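Each structure below is given as structure tokens.
You will see subunit A twice below: alongside subunit B first, and alongside subunit C after that.
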Partner chain A sequence: MKSVNLAGSLTNVMSATGHDMKFPKFSAPTLLLLPAIVVLAAVIVLPLLFSLYSSFTPFRLTKPESIWVFIGFRNYVSVLTNIEFWTAFGRTVLLLTVALNAEMFLGLGLAMLVNKATHGQRLLRTLMMFPMMFSPVLVGFQFKFLFNDNIGFVNNALQSLGLTTNAIPWLIDGNLALFSIIVAEVWSSTAVFAILILAGLLAMPQEPVEAARVDGCTPWQTFRYVTWPYLMPFAFIAMTIRSLDVARAYDIVKIMTDGGPAKRTELLWTLVGRTAYSDARMGLANAMAYISILLSILFTVYFFRKLAAARQQIGAEW
Partner chain B sequence: MDQNSAHRLKRRGLKFLHLVGLFIAMLIICMPGLWIVLSSLRPTVEIMAKPPVWIPQDISLDAYRAMFGGAGQGGIPVWEYFRNSLVISITSTIIALTIGMAGGYAFARYKFKGKSGIFLGFMLTRAVPGIALSLPLFMIFARVGIIDTHFAMILIYVALNVPFTIWLIDGFFRQVPKDLAEAAQIDGCTRWQAFWQVEFPLAGPGIASAGIFAFLTSWNEYALASQITRSVNSKTLPVGLLDYTSEFTIDWRGMCALAVVMIIPALTLTFIIQKHLVSGLTFGAVKG
Partner chain C sequence: MAPVTLKKLVKSYGNVDVVHGIDLEVKDREFIALVGPSGCGKSTTLRMIAGLEDISGGIIEIGGKPVNDLPPRARNISMVFQSYALYPHMTVRENMGFSLKIGKVAQSEIDTRVNEAAAILDLEKYMDRRPSQLSGGQRQRVAMGRAIVRKPDVFLFDEPLSNLDAKLRTQVRTEIKRLHAKVQSTMIYVTHDQVEAMTLSDRIVIMRDGHIEQVGTPEEVFRRPATRFVAGFIGSPPMNLNEATVADGKLVFAGGQSLPLPIEFRNKVAAGDKLIFGLRPDDIYPTGHGLNSGEATDVHEMELPVAITEPLGNETLLFVTMAQREWVSRMLNPRPMGAGEMVRFSFDLSQAHLFSPETGKTLRG
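Now for the complex of A and B:
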């Protein structure tokens, strides 16, 4: 009896202090978000601030004392006037534009193909997700194997079919190597688009499509003016997800060509890695890294905005 | 009558084209993986043969036996890498899930100032490319002296996984109607009880799939691991894969076998969650 009373009064006291006294400033959501904020601040934000600082120094791993020398914007100037950097930058933008557009169209096509299938949809959907499970390293390695000029599947197939007699140097010729990388990238990420667009197709109400057909729309018009607007938010979600890790391409390129041949497939990220770890010029590399971070963030914010806009449009229509 | 049959013919033709398209698409998706599996079972001579041998003559599990048979072939400590990968991925997933559940619940159930700003901020931390993050982390970790430890990798992967886990779990909690928890509270539950006994079980499968997603991210990550891990102490499988490449030659068969070992857990787990994963990701699409 006594102990029950004691326990009761204890909880009373505790709840009273909890409400009024103990954390007068922290509300429930702040407390709940605190661990996430602490971890992200410690592992991501603080290191980034540190690298921002070191991008203003001539820091080299081999000379630790150079971290204290402040050289202002000299790293940024030398990065921004470096032709190698701009080539890598341009190539990265080119690769992303081509790859993302191809992924979008192929993903849309794949989603519609699977959506039309009458039998075995579950199996098809599972197969469709297959490339998503591959680690980018594995994707890189796998396509390095397939595109190998001597023993690769692609050349073997082309030669056995009699389409060509000599080995095509897929990963040795600069342009072909970039093409091979784009193929690998598209193979691995089309699934993201396909799955999300398929989810959109499945969630879409059928009445508007039927109404459009009754009103005499051609299949193209039905798709363009009825189906596509519904699918937009799903496509933008896929874009947002993809833009969160566009740097996946680093792993693929690192394995397939490591920026070669003769730096013809050097991307922003491989250039950063090479400057930092092979040349040990951390300060300079951090300056480059900052520019590539800004690029990623711009990209993400852009699609996040687009997503919000598309969502609102749909919300108004539904 | 004539028009009818023409129409039917056209319809059959379209259906046939659809099947062919579907078949080709699926072939392109599956072929690379199957080729890896096949190559891991063939002797090196057959892989290297010129002209190519299309029909496998000699199937064996030698590559796997050599790989797991200790430091036999090439001395690559696959067991250690496997154990490192497992320890790092599982621990970081559990921690990320706990943090993500708290955060996701806050976003799904509370209104507070700067909510969408904080959410976007969390997402943006995920947009930092791994290689760019690896530079400062390498410098700091080297200073603190935790390079090449499990602890360092776990810490990094928790931070990498938290934003996405929050996104997914936020979506799953929103799918649980608010009224249920309120009803439970009216019936005398505390908020905590309402959460554990009503909302958590309903969002459970979704949370589990967020966990599997986090596990896969850690399992597959390479850019950071390749810089922070140095030896058998903490090297993970994706980094270990590179042990099969030496300067001029690549042990294709061994690499294929290790690739298969890496992909099997990922495959199994993804099959389990596929349904929840898509619904979790798309939930935010239609309802803000």
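Now for the complex of A and C:
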């Protein structure tokens, strides 16, 4: 209240003196919001408008004057008719689907195990979050080393165990390379699901579970009909966060395969990055980026719908 | 429909015993209340019967068969929880039919039984709502409906009325009583409220610190409490309990005031014995305002000052100071009375109780 009054009196002062000095008259709310508006405009709105504009030009970093050439939707047309873009798009969706599902199942399992722990649960929770503490770039390097076909740990282990005699070309074969990237993604981010689902488990009332046991449910049925519906909103929150994360996947891929071999692991954002900086075709890259953002928005909307439905299902009061 | 037998039942958490080898026989179709203060082991006992807690020692039999190693689902029991424990994502209908669906009962049969239970509990209007759209009393009725449809051998209630407000509590209490009359099953009911225990049950089990203090009908535990604890726990307001010493056929209290030794106990105590004297507020009354004024056989009268009065309409509670202690008296057909007034009180000693101060047991024998 006090600050509003202050602002109110400030406007009074301003309008009193401003009449002579021709200051514009702002209402108190506008005046209070002004700093935020100015910062947001400078940091977000202007760059956004600029990038949007540049997606309608053949702007190349090497030819600054090309920013002034307006070519309409030509960039968008060439992106949308470009098979390379659509392959990367499809591959990103594939990565998203496989990685998120794997992370959810593993995270769920992990959360349920940690929830069962009677001693040292706090320590386990902390340990569980370790992968999240590493920089994705380092995770990329680590897995690049693990999956190296000559000196990598994975092949070494497989051969020592006698499971295979050949060196498996993890990062060289197109399909295996995507698989390896998924493994790295899952390793580094399963904790997001585990933590959120564990939060759900800890918040869950125990009586319905006990009621289900008395009602004749086997442990599996108890999970299926009582525990899981309760955890669903938490899983969807994790899905939303992670879908945004994976849809902009760049760092791990850049380090592990750099989109290779032969563009078999090219994802949307590695493609955008390559177009923008290696090819220096900023205008085209921005057009791609705007289309890619649609993908993220689509997934977010989808998961938020699911989340709302799941929350309503369990009558959640949050 | 089955008797439930507990034999030397023990529950311990680590080194701490919370239930110390209790024995109890619940007859077929009997309504038994387990009552006691919090931490007395009553809920733990119930949860062991349900199979939700492991049994540390002893045997539980349902219908004559030991069930120690059976999971809850194999015991054919129903349980009503304090917090209702409804499935939040299911409608009332689905909640009530859930156990049958899991048990692979035919849908037509499920519908019949659910509708039947809904009719008993007056829930027909709410069948398609979710628990979050119901009031506390309605939720508790749904929880009872969910228990009924299974037609279990034994109903278990874990403080089902604690979360309801006072008015609703009396209503649902009556409904539980009606339910027992209708479904004719064995029911075991845990509560810390002695009024619920008294009004509902055929027999009451009073527990304290993991032991059973007394098992008996409401009448028995009220009239003939086996221990000082039962005497103080059952009845409202609680029984007046005060230390006294026997001398010259009298009970001498702190400060020198005395009452004659009740006739019933004359041969059971000796001079010099220390004991606990108990008398219910109903049995201390301003002369002429008692329950059995005309026919009492062992009455002692005494003039005492009234310290505080609590009028309740049909009766007034009087707080009287005697022997440096406050005694509660219940005046029926009350007349207006002010603090400080000297009043002639009748002590109906035929209703008195004497307990050993060491063991807490009654001296009635």
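Everything below uses one rule, namely that the second predicted complex is superposed on the first by the 264 of 318 C-alpha atoms of A that agree within 3 Å, B and C clash if a C-alpha of one lies under 4 Å from a C-alpha of the other, contacts with A are read in each partner's own complex, and residues count from 1 in each chain.
Throughout what follows, a residue touches a chain if its C-beta (ideal position, glycine included) is under 8 Å from a C-beta of that chain, and two chains touch if they have at least 3 such contacts.
All of these numbers come straight from a predicted model, not from anything done at the bench.
Colleague: Both complexes share subunit A, so when I overlay them there, do subunit B and subunit C fit or clash?
Modeller: fit
Colleague: For the three-chain arrangement built by superposition, which of subunit B and subunit C touches the greater number of subunit A residues?
Modeller: Of the two chains, more subunit A residues are contacted by B.
Colleague: On the A-aligned overlay, A:V39 touches which partner chain: subunit B = first, subunit C = second, or both, or neither?
Modeller: After superposing on A, A:V39 lies in contact with subunit B but is clear of subunit C.
Colleague: Could you tell me if A:L244 is touching subunit B, subunit C, both of them or neither one (first, second, both, neither)?
Modeller: Once the two structures are laid over each other on A, A:L244 reaches subunit B alone.
Colleague: Applying the document's definition of touch, where does A:W269 land relative to subunit B and subunit C: first, second, both, or neither?
Modeller: A:W269: touches subunit B, not subunit C.
Colleague: Is A:E207 in contact with subunit B, with subunit C, with both, or with neither (first, second, both, neither)?
Modeller: second
Colleague: Who does A:I172 touch here: subunit B (first), subunit C (second), both, or neither?
Modeller: In the superposition, A:I172 touches no partner, neither subunit B nor subunit C.
Colleague: What is the contact status of A:A199 with respect to subunit B (first) and subunit C (second): first, second, both, or neither?
Modeller: Once the two structures are laid over each other on A, A:A199 reaches subunit B alone.
Colleague: In the superposed arrangement, which partner chain does A:G216 touch: subunit B (first), subunit C (second), both, or neither?
Modeller: In the superposition, A:G216 contacts subunit C only.
Colleague: With the two structures laid over each other on chain A, which partner does A:V98 touch: subunit B (first), subunit C (second), both, or neither?
Modeller: A:V98 contacts neither subunit B nor subunit C.
Colleague: Using only C-alpha atoms, work out how near subunit B sits to subunit C after the chain A superposition, in angstrom.
Modeller: Between subunit B and subunit C, the shortest C-alpha distance works out to 6 Å.
Colleague: Which parts of subunit A are touched by subunit B and by subunit C alike?
Modeller: 314-315
Colleague: Can you list the residues on subunit A that touch subunit C in the complex?
Modeller: 205, 207-208, 210-218, 221, 225-226, 229-230, 313-317
Colleague: Quick one: which bits of subunit C touch subunit A in the complex? Just the residue numbers, please.
Modeller: Contact set of subunit C toward subunit A: 50-52, 71-73, 77-79, 81-89, 98-99, 102-103, 130-133, 146, 150, 156.
Colleague: Flag every residue of subunit A that touches subunit B in the complex, lowest number first.
Modeller: Subunit A residues touching subunit B: 27-30, 32-33, 35-36, 39-40, 42-45, 47-48, 50-51, 54, 109-110, 113-114, 116-117, 124-138, 141-143, 145-146, 150-151, 153, 156, 159-160, 187, 191, 195-196, 199-200, 203, 233-234, 237, 240-241, 243-247, 250-251, 254-255, 269-270, 272-273, 276-277, 282, 285-286, 289-290, 292-293, 296-297, 299-301, 304, 307-308, 311-312, 314-315, 318.
Colleague: Touching subunit A in the complex: which residues of subunit B?
Modeller: 18, 21-22, 25-26, 28-33, 35-36, 39, 47-48, 50-52, 54, 98-100, 102-103, 105-106, 110, 112, 118, 120, 122-137, 139-140, 155-156, 158-159, 162-164, 166, 216, 219-223, 226-227, 238, 241-242, 252, 255-256, 259, 262-263, 266-267, 270-271, 274, 278-279, 281-282, 284-288
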